[in-house]
Structure formats: structure tokens, C-alpha cells
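Below is one structure. I have some questions about it.
Chain lettering (A, B, C, D and E) follows the sequence in which the chains are written, and residue indices restart at 1 in each chain.
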């Protein structure tokens, strides 16, 4: 076995994992704070990226103007979602909320394409997606400099959000909300406001993910599919854990690449589609709440 | 029974004083079809303890939820009537605004945040207060002082604590908001008798020392009437009887149906040879 | 005042445990069936039959299957289409490899194959719950479709990996007109709906619901979690498998594995949730909603002289918005809405 | 204000005095049970037994381990130590299904009804172990399956009559007020026609009148069907009046065991739980 | 009376970009024809229906559209799934379907598939032409010996379709064929490209669709694989596939059956439609894009089929589906005809017959220069047609046997 190649696969996988984690964070954020499994996260990633690019391509704004404007749009979207969708559905079963987010996903997808059209766009960030020459020369290992930057952004995002949840009063309140909407209301947690803020933050996370994925793959409808890559990460890491998203992402990224490269050829390849899910599933058999997820309390 | 005389007096003056909390002719429907409250009116004067009594399903919890506007989350609608607190109409407010105005509810069935530790549960109770660390610590201490058992379990996840511990946690959590009025739904349920006395002692303490008013829905009529100033009896979504606590405890029907004592004094549970059918005040 | 149960007294428990205890309901259902069997094939156009009613019935069956699993047994699944695919491809292989096999039997065998796959993929449900399970069921979805594209045996070595459903012939009668296909599908679906209803009102159904509502308590009462859950997976997958076979044989005709995509799984989940989780009627209402709404919206959107891409996007938005709207109006689905309407009707003209 | 309609009375089955009841041999013997969760010691070396036909109460302050004890008896929890001897069989721990199969039924402190089902269905679930037809027969709802269903329905209806919940038979239990839910839960346990019935605070959240009814139900079950009852309850009036023997737990330890009178006067029990003697 | 055709199109969802361009092209050309009086005075009418690229909705659309306006006389779903779903219905409904550049390759056999027209070229011919091109590029087919070619494919029926041809050619010319699948939708291809880099092939055939293409190009760049070595299929050779990659696609080439460039016809569309506000595309910059032009070509062939049919069955009145079928089977769009239309060289010469519903099999190679596509092969390339014909006969015979069809030319 070629060791150098092995490391390339490993590192490439880890860095792809970081990209998955970036999307997973958005899920965790919402789930941890409201118990809602937000299926619309993928659509939000698409919407955010498309809005940003659309402003650049159609209005000729510079990226420096488009990004802040998109942030504003995402905040408005977050607030609107709370008002229109979540508020009337307080205290409803999880599955209902889940379903509502699917409806939301359709709406956002339609809206994005209605406003910005169906054509695909390129998004160019100041950092190019080419192998880092430094690492190439030094270690003869091929790693994209873009991916390294993405990893940095992701780490930053996770750290700050994890701190938010564990250290602040709002973080505590958010976890309370996830446990019991009704009781959270009863102790005076302003559910509405918190949710609006939260969805706005999720919108920002979606924007970051959308920009990075968009720069990586182009801004197009397929961005909504990156959510599918985030799901095994989520179940492996635990729906409720920020660090879980990162660790899960790294594990999934690395193992799926390994599997595709080393096992794939034996079985006809293309196993990346299901392998992460099966891996996550096997893992769940050992720990039903994922790596870092909160234990599901079953007590009578 | 000298405090009975006091309460009778108090009730008389209360009628004159503007009510702190008043519920006027409220009608509530669940799921668009189930009519549960059929025009309930009641008042809580400032600094008083009012008991809301009644059999299972009479609508006590619904009344409390109507006041705290938690009904919305349960697909219940207030179709008639209004609720006032400190002279302000509150039926359109959010629970958060109510807690800020000093009105807190302890829900029936505990509703602790299962994944949070006991202490975190208590801290969420102070969410609306913007209190400093020191103030929070002080409030926590106070709760722990009232419920020493909670101190022992402070780091346990609430979901794993015993039923009684959860109940204490729920009450403690409401206290953390420093409310001026508390809606208490069945505080005694599942609590050891000693602690029940303690809880009511705490209620009385808060009431007399910190002038907190209480509206408590309770099945344990005897203890409720012992500590309350005033009482309402609900049947089938209507108030069928109201009066000073002492008057109620003295009423023959209340005695028989809610206190379990009839003419001959308290009967052993073993000797109840007949299934009882409730007499209705209203057919 | 027409919808009254007053005066209808039940003198036996048997009468009381009928599927439709109220006379008016029985009459209504019966007339509905008569209309569906006699009138519809006469009056409905080929379009209505083959593009609306047949898929509606097939999707209802799949939704019913999912509803058994998700609505009754409480196990959220996103792999419905995979079970449908197993049903279709298994039926295809049985017919292709066992010449002379009656086609209905092939459907049953297809369903049974799906049931086996369902059991295999249901095993994790013994430990995994809620959304964790839901996300894990995606493994089924992707794995099954992968197998179908990777293993040439399953597609009978057809070069493109696409199966061409054989003609439906039963006792020498060839079902090739829309009306005959419709009647066949209707018969299968009605029969299976009846069986489902029977299961649900007897002990199996109760065991599912018990496990759904509170599994620890169910265990304490003496239901065996493993058996109950796996049975739910098996029955549900069986239903989906048969639906999948019908989808291939009575609707599409030629199918590539991707026709059973994640997208289809989701559509069926919508049907269940919009229609009503834990309701047989809901499966039908939900399927009607999801099948008809896009058609309706499409017609409406395109009847305004909007540019087509605008119309298509608006259509998608309205679809999403309507899902949310219905959830807000009634989180328990159309079936509950229907029930409330009936309760109101019963009280009418009094408001409560 | 009062409409004095005549009090409707319903003659219950002839209830014998406790003296007349035949209390049998020990049916369940818990020996040196210890259970802990992580650091929390819920039960420490507890032994007690339950005799056939008796009403055995478990009392103690909150968090003493009463519910945990019931959970050990019917196999929800597995104790780290100790032995359970049930009907002469020794085991390290019970298993839910085995417990149910061998006639142990229970109710729960935090009501564990099946919220989405009607009262009748909930009670019917209690009879599941007595049903024999398989799911295919049930799907066809033909012949034996149908007969069986009806037979069990009859039993369920008897229980419904017995508990006087006819009116709410078809109501989903989630909509019922707390007290009625408790009653339905009792019905579900009764439907299994258990040998031993474990009741975890069956009277919490009830007023006196309802408690009286509930007591009556419990006593009648005990009398009529000869069911052994293990009961957790915080209402001392009830406990002292209806139980034959009482175990007192405190912080997971047993601090008293005996007849109500013995327990009432036990100084440890007074200190830990009762407060002032009644 | 109008000549009515059904357009089960898709303008939302993952493939919206391709769908809107393609159907936009069709409609633009129809409008143009109608502006100049229609086909011998017969106006073309059409109706669209959103399929979202979903087979089930596609079938519903087909069923809905087919009976409208006196019955559809032609249909084009631009979706393999939908095409499969309606395949069985065509003969009974007597509506011909074109599957231009997709669908079953063996449907070119009109004896078995009388109503299906995989016009211009099929996947098998494309694969053969690709190898032919690569051979020429290397200086002759014999130079392919010992070369490594990666077939990077969309892991579905679509991606597997060319394998019989590629396998046969690899045996024949002695190049090593490495097959690497990409799981749809293909948004992540790091491991595939690491494998490719490891194998260090001489060429990579990118048999992709939708989002997969841009990702492949980007990932190639990320892994330092030269795009010049990549050759895409025609579904991986549009602006939609290259624009999102920025500069990464520079040097990347792909197959096409339209020669990019400017044509009098496209100028007409610009002037007469878009300048008058009657264009179908929302974004004018997409006029003349690959998908748009592909749509225009499809429409040209349709209109020619109408003309041909009218010549036989009577000029100046709309033809029926059956007659249209005849027209499609007797197409002869030669250079003179193309010139008359103003589209000389935009598409290869198409001449169909009962045996050959494809009519051509010729393709070109185009390369992306960072801004637009440019044809890099002056002539049309045709691969080993004898080989594909053999495969076609076998495969369609199997289908006929399975479906109990007796192969015969329709009248």
C-alpha cells in the first residue's frame, strides 16, 4: 500500500468531513435549541449562496457589499420563519415540525429560483481551490488550500456556538426549549424571540456553508443536496452536539473516502452513497444517541 | 381555629379591594369542539391565597392555563371573557411578558427540563430577571433552603430524579423568577406528606413575608383550605360555590365530598362500603 | 341533522367494534365503493384513470404502508421508496424466472421480499429511536438502490439496468386498458386497506400503538418490543412492496431504479403527515392531496399567462406554503380535520 | 343551591373484613436488593416479602427508592445485587415480559398510558398476553380471531363497568383529566388479571372522594379476585387504613416493616417520614 | 387548426437549469416559425407541464397533455425516467416521442420501437465516437494500445449505458479501461479523483449529469489533474457545467451534437423574438447557450418532420400523431435544408429510416475557453457504427422478446 496515497486519502477525507460538518452545524443549532429537525437547512444553504451570488452577478455588487446584504436577508428570513411557521406550531409533535420544515424547504427553493433564476453561478472567493504548494513541496502531500481555510472557519464557528450553548443563559434557555416548549414558556423564556434569533443565526451558518460549498462546487440547486451528506454526520456525532458535528464530520469524511478507495473497487464502487449511513447506523447500535448526543431519557 | 376567623375577615375586605387578578366569565374550547370552561369568573385579591377546588376534569388546570396564556399551545381557545392582572388585560400577552409582570405558573405534572440538571432547571426559572451572579446565587440558596433534597441532587439530570424531586424542582423553578403571583397546579401531587406541609408552609411564608399572591388548584382540599384565604369550587367548567376558606370547610357538602368527613367524623378508607356517586350542585 | 348517531344503539360488542359503527358512514362508504367500481370506470377519462386515479390508489397503498410503520408503530422511516423498489424488482424477477407464475402471486412474493428487507433494516429500531432512526433508514434507501444498479442479476442483465414490467395477465385476461388496470389496483388497494384496518383494530394494531406511545409501558404490559417492531416493519414493507410492484406494473410499465428515489420516499412521507399520522383514512386523503395538488397548481399556474419558469417556481412555493398552512390549521392532518368536521356536523346546528 | 337528589348507591360485592381474608404464604420475596445509577444509590440491601392476597404498602420520602423498587420487581431495572424469589423461583432479576407473563401487572407514577389510543383500547392492551390468534388471522378478522376479540372485549367491558368509566370508553386518553387517567391505568393493569398488582401512587392528584372510590376499587380487586397488591402511596390515611403490612424506605434503605400500627409508632419512621405521629 | 405538441418540461428542481434552456430553445423556435406563418400555414401550438424531472409527475403530465387540443402529435420529456414511464403508452396512443441524445440507445431500431426517436445520436454512438476522437488525438487508433482511460460515470442506468461499447472497444484497441462510479447526485468526488490521480490515466471520460459535472471539474482542479485530459459527454458539456467552476474548466472538452457558433437562425431569434420581448428565456445571456441551441435543434427536427409529413399527407393542415411518426421516420435534414433554415452546420445531417430512428450518430468535440464553448473538431465524428449496430440489434431483440413484439416496420 502506498503510504503517501493513504495519507492523501485520509486528509482529503478529513477535509471533506469538515465541509459536511459545516452543514451539520446548522442542523445541530436548530435541533439543540428547539427540538426541530430542520429539513430546510439545505434549502437555506442554497438560498443564502444564491442570494449572495445573485447580487454580485445581477446587480454587479462587490462581494464585500453582497455578503452583508445577504446577512440582512438571512436575518429577515429567520424572523419570518419564526413568525409564520414556528409560532403557530409551538408545542406540536416533533414530526409535525419536521414536516413543516420540509414545506419550508420547498418554499425557499421556489423563492430562491423565482428571484434569482434557475441558472447556475460561479462564486469566487479570494482563496483559490488548488493544491497548497507549500504542503506539496514540504511533505509531498496534496491538500487544497481552500479546504484548509474551510477547516479554520468551521472550527471557529463550532467553538463560538459551543460556547454560546454551554456558557450563556440563552444557551441554557435554548436547551430548555428543546426539552419542553410548554414548560419553557411557563418559566418565561420568550420562545418567539429566541427562535427568531436562532433561525437568523442558522441562516448565517447556512450562508457560511453556502459560500464555501458554492465556491467549491458552484452555486446551483444541488447545494440543497449537501444536507444529505450532513445527515450521517449528525447521527454519528449526535443531534445535539456541536463538537459532535465536527468529530462526526471528520470520521464520516475520512472513513467514506477510505471505503470508496479501498473497498469500493472490490464491490463495484459507488458505495459512498450508503456507506456513511451504514457506518453511522452500526455506530448507533452501540451508542443510540450518537457520539456526543444527549442521552435519550427513558424513565417511568 | 383562630386563623379561620382572620380569613373570614380578610375575605370580607377583599371583596371591597380591587382584585389583583380577575378572571371574568371565561369560556374555553379545546380542539374547536370540546367546551371545557363555561363562563368561569374568579378573583384573587392582592396578598391572598385562593384555592381552586374541584374534582378531576372540572377545569382547574384549564383555568390556570387560561390565565397564564399557555392554553394556546394546547389547541385551546378562549372564546369569551377576559383576564386582568393588576388592572391590565393580559389575555393577549405572551407568557414571557406575564412572567416579567410577576405572574408565574407551576404546571401540573412537573414538566422539568429532563436533559438539564436540577440546578440548570432552577436557573432557567430566573431567565426573565436579568439578575447578577450574586443575586442568582442567593435565589438558588433560598430554593435549596426550602428544598434541601434538591441541593443533594443539583447536578443530576432532572429526567432521572424521582417524581417528588421533580415536583420540588418545578416549584423551585417558579420561585426563581421572584413572582408576585404564582399559579400553582396541584403542588401536593406525589409529594410526601411532610413535604406537602412544608410546601404549603413555604406558600404561606412567601405570602406573608413577601406578599406573594397565590392561586392554587388542589385536590388535597383539606390542606388547601387550611392554608387558603378564599376558595372556589369548580364543577364541570362552572364555579358552583365560592367563599372564605373557613366557610367552605364548614359547609356540610364540602365536608362530605371534598374533605371526606361526614357527620360522624372521618371514616376509615376501608369502611367505605359503597362506591360513591357525587351529588351535583348543578344537574 | 342528517349526521346523527342518536338512536343507533349497539346491542353487541361485535356491532360496536365494526369499522364504521355509524350507519351513515357505512352507507357513505358503500356508495363510494359502488361509485368507484361502477361509475368511475364508465365516466372517467383515460387521463383521469391512468394519470390520477391509478397513481392515487398506488400512493395511498404506499402511504398506508408507511402509516402502519410511522403512524401506528411510531417508527419514522425515510426509506419507503426502497421497499417499493424491492417489491417491484422482486416481482419482476419472480415472473421472469418462474414462467407461468400467476402475477398476483408474484406481487405477493414481491411484497414478502420487501418484508424481509424491511425486517433486516428494522433491526436497528430496537435500539435507535426518533430522528436517529429516521436518518438511519436512509441507509436502506441508498443501499437498496445501489444494489439494484450494481447487481445485474436483479435487472435480469438488461443492458441499461432498467426493468420492463411484463404484461398483467390474470386467468388469460389481459389488463391493458386504463379502466381494467384501475379496477385491478382498486381491488388490491381496497382489500389491503381492509386488512390493515382489521389489524389495527385488533391486538396487533394495539401492540403497535402501545409501542409508539410508550414503549417501556408496552413492555411492562407484556408486548415484546422486538416482535412488535419487526412485525410493523414487515407488514409496512409488505404494503410498500406491493405498492411498488403496482407502481411498476400498473402505472409506469418500465422502471429504472432511480424512479424509487429518496424523492419518492419523501412524497410518501408527506402523504402520511398531511393526511394524518395514524389514520387509514388519512393515508388516502394525504395521497389525494399530494397527487392532486401539484396537478391542480400546475393547471392554475399555467392558466395565468405567466412565464412558465415563474409559474413553476410559484407552484413549488405554493405547494410548500400549503403544507405549512395545513399543518398549522391541523397538525394531526386532514383525517383529523375530517373528524372535527364530522363532530361539528353531529352537533349542528348547535355550536358545541 | 343544592339539589338534593338521592345519593345513588351501588352495592359492591360482599366485602369481607380483613380478618376474614385468607392471607396466604409468601409469594414474592425480595432479598438483599441493591441498585444504583452511576453514583446514586437508589436501593441498598433491601429485603422484604409479599404474601399472597395481602395489600402491601411501600412508603417513604421522595426519592427514597419506592418506584425503583417496583421497577426492580417487574424487571424495568436490573438490580446489581440481590435475589428475587417469585412463586418459588429464584432469579437475579426479572425481565419485563417474563414478569408480565407470570402475572405481575402495574401502574406508573407518571401516568404511562398510551396517549393516542382510546380508553377501551388501552384496557384491551392489558389483555394482550391472553390473546392467541396471530396477526394474519387478525388481519382477516375472521372466525377465531373475531370471536377472541369479542370475548376479550367482554372482559374489558367488565372492567370498564367496574371502574365506572363507561362514558369515556371511546375517548382518547390524552384528553382525559389526570384522575381519570389514573383510573384507566388501573383498568389496564386489571385487564391482565394479574396475580400481583403493583400500584405506584394510584391516588396522587385525587380528591378525597375519588380516593375513597379508588380505595374501594383496590379493596374489591383484592377481595374479589384475590389479587395481591403492592402499593406506593403518600396519603397516610389511605395507607394506614387499607394495607396489611407496610415497608418504609428512606434514602434507599429499609427503615421499617410491619403492620400499619407498628410502623406508625416506629420512631425511625416518624423521624424520616411521618413527622408528628398522626 | 394548430399542430399541437406536448412539452412535459421542468423548470424547477435540480435540473432546472438544463430544462429551462432546452425547452426555452424549443419554444423560441416554434415562435419564430409561427411568426413567419407556421409550417405551410399551420401554426404550432404547445403546452407545458412541470414534471420536476420526476417520472411519476412526468407520466401524469404526458397523460394530461396528450388529449388536449385534439391530441398531441409529439412529445419530448428530456428525462430518461419519464421517457421510460411513457414508453409503453406511445404505441397505443399513437404519439411519437423524441429522446434527443438520451434514453434507450436500442430504441433506434424502429422495428421494435416504432414510436421512439432517439434522434441525431445515441449514447452508444457517442461512446464509440469518443474513443474514435481519442484515437485520432493520439495519432491513430493503434496508438490507443496501452493507454489508460478512466470512465468516470454517474452511478445509474445512464452512466452504465455505454459500458458494452467501451468494453468492446477496449478489447479491440487494447487500452485499459478503468471504471469509477460517482454516487448521484455527485456533490462530493474527492475519493474518485484521488483514485484517478493515483491511476494517472491518459484520459478521463466524464459521463456525468447535473451537479456532478461541475463538481468533477472542480475536484480535478483541487487535485491538480489537468482538465485537458478530461472529455465529457454532451450532458457534461454545457455552460451550466462549466460556468460554476470559474476558471477550473478552462481547457476541458466535451462532446456535442451542436456546433457552437453564430447562425442566421440564432440572430433571427435574437432580433425577432427577444428584441420584441417574446423570448422564452428569462436571461438573454443564455441565448445560443448549449442547452438553448439543443432545444432549437430539436424543434428544427420536429418542424422538418411536420413538413415531411405534410408533404405526404396533405399540405396546409396539421398532421396526426401517426402521420408525424411517418414524418420522423422519413426525415432528411441535409445541408441544403439546414442552410434554408439558417442553421447550416449547427447540427449534423439527419436522415432517418425505419431501421435507423437515430438518423446520424455524428458528434463534435467542443472545448471551454473560460468564457464559451468552441468546436475543436472541424468535422463531424462518427464512431464504430457496425459495433453499435450489433449491440442495438441484440438489445432490441431481447426487448421485443420480453414484450412479445414482432419486429416490423410500421406503415
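Heads up, the rule we're going with is that a contact is a pair of C-beta atoms (placed from the backbone, for glycine too) under 8 Å apart; a residue touches a chain by one contact, two chains touch by 3 or more.
For clarity, every value in this text was computed on a predicted model and none was experimentally measured.
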Practice prompt. Sort the other chains by how far their Cα centres are from that of subunit C and give me the top one.
Written response: B
Worksheet item: Which chain maximises the distance between its CA centroid and that of subunit A?
Response: D
Fill in: Chain ID, smallest distance between chain and overall C-alpha centroids
C
Fill in: B-C against C-E, pair bridged by the larger set of C-beta contacts
C-E
Worksheet item: Measuring from the mean C-alpha position of subunit C to the mean C-alpha position of subunit D, what distance in angstrom results?
Response: 41
Worksheet item: Where the centres are mean C-alpha positions, what is the separation of subunit B from subunit D, in Å?
Response: 28
Discussion item. How many angstrom lie between the centres of subunit A and subunit D, each centre taken as the mean Cα position?
Written reply: 49
Fill in: Approximate Å spacing (C-alpha centroids) for the pair subunit A, subunit E
36
Worksheet, complete the sentence: So subunit E residues touching two or more other chains come to 11-12, 16, 20, 155, 183-184, 282
Worksheet item: Which residues of subunit C are in contact with two or more other chains?
Response: 142, 146, 149, 214, 216-217, 220, 309, 313, 315-316
Worksheet item: In subunit D, what residues contact two or more other chains?
Response: 76, 108-110, 112
Response to the item:
In their shared complex, subunit A is touched by residues of subunit E numbered 11-17, 19-20, 155, 179-185, 187-188, 190-192, 194-195, 197-198, 210-211, 214-215, 218, 221-224, 240, 243-246, 248, 282-283, 286
Worksheet entry | Residue ranges of subunit E in contact with subunit C within the complex | 9-12, 16, 20, 23, 47-50, 54-57, 59-64, 66-67, 80-81, 84-85, 87-89, 92, 104-106, 155-157, 160-161, 164, 183-184, 280, 282, 391, 395, 398-399, 402-404
Fill in: Residues of subunit C defined as touching subunit B within the complex
340, 343-344, 347, 352
Item to complete: Report the residues of subunit B in contact with subunit A in the complex, numbered from low to high.
Response: 68, 70, 72-74, 94-96, 98-100, 104-107, 111-116, 120-121, 123-125, 127-128, 157, 159-160, 173-174, 177
Discussion item. So in the complex, the part of subunit C that touches subunit E is made up of which residues?
Written reply: 45-47, 50-52, 55, 142, 146, 149, 158-162, 164, 166-167, 176, 247, 251-259, 263-264, 291, 294-295, 298, 302, 307-309, 311-313, 315-316
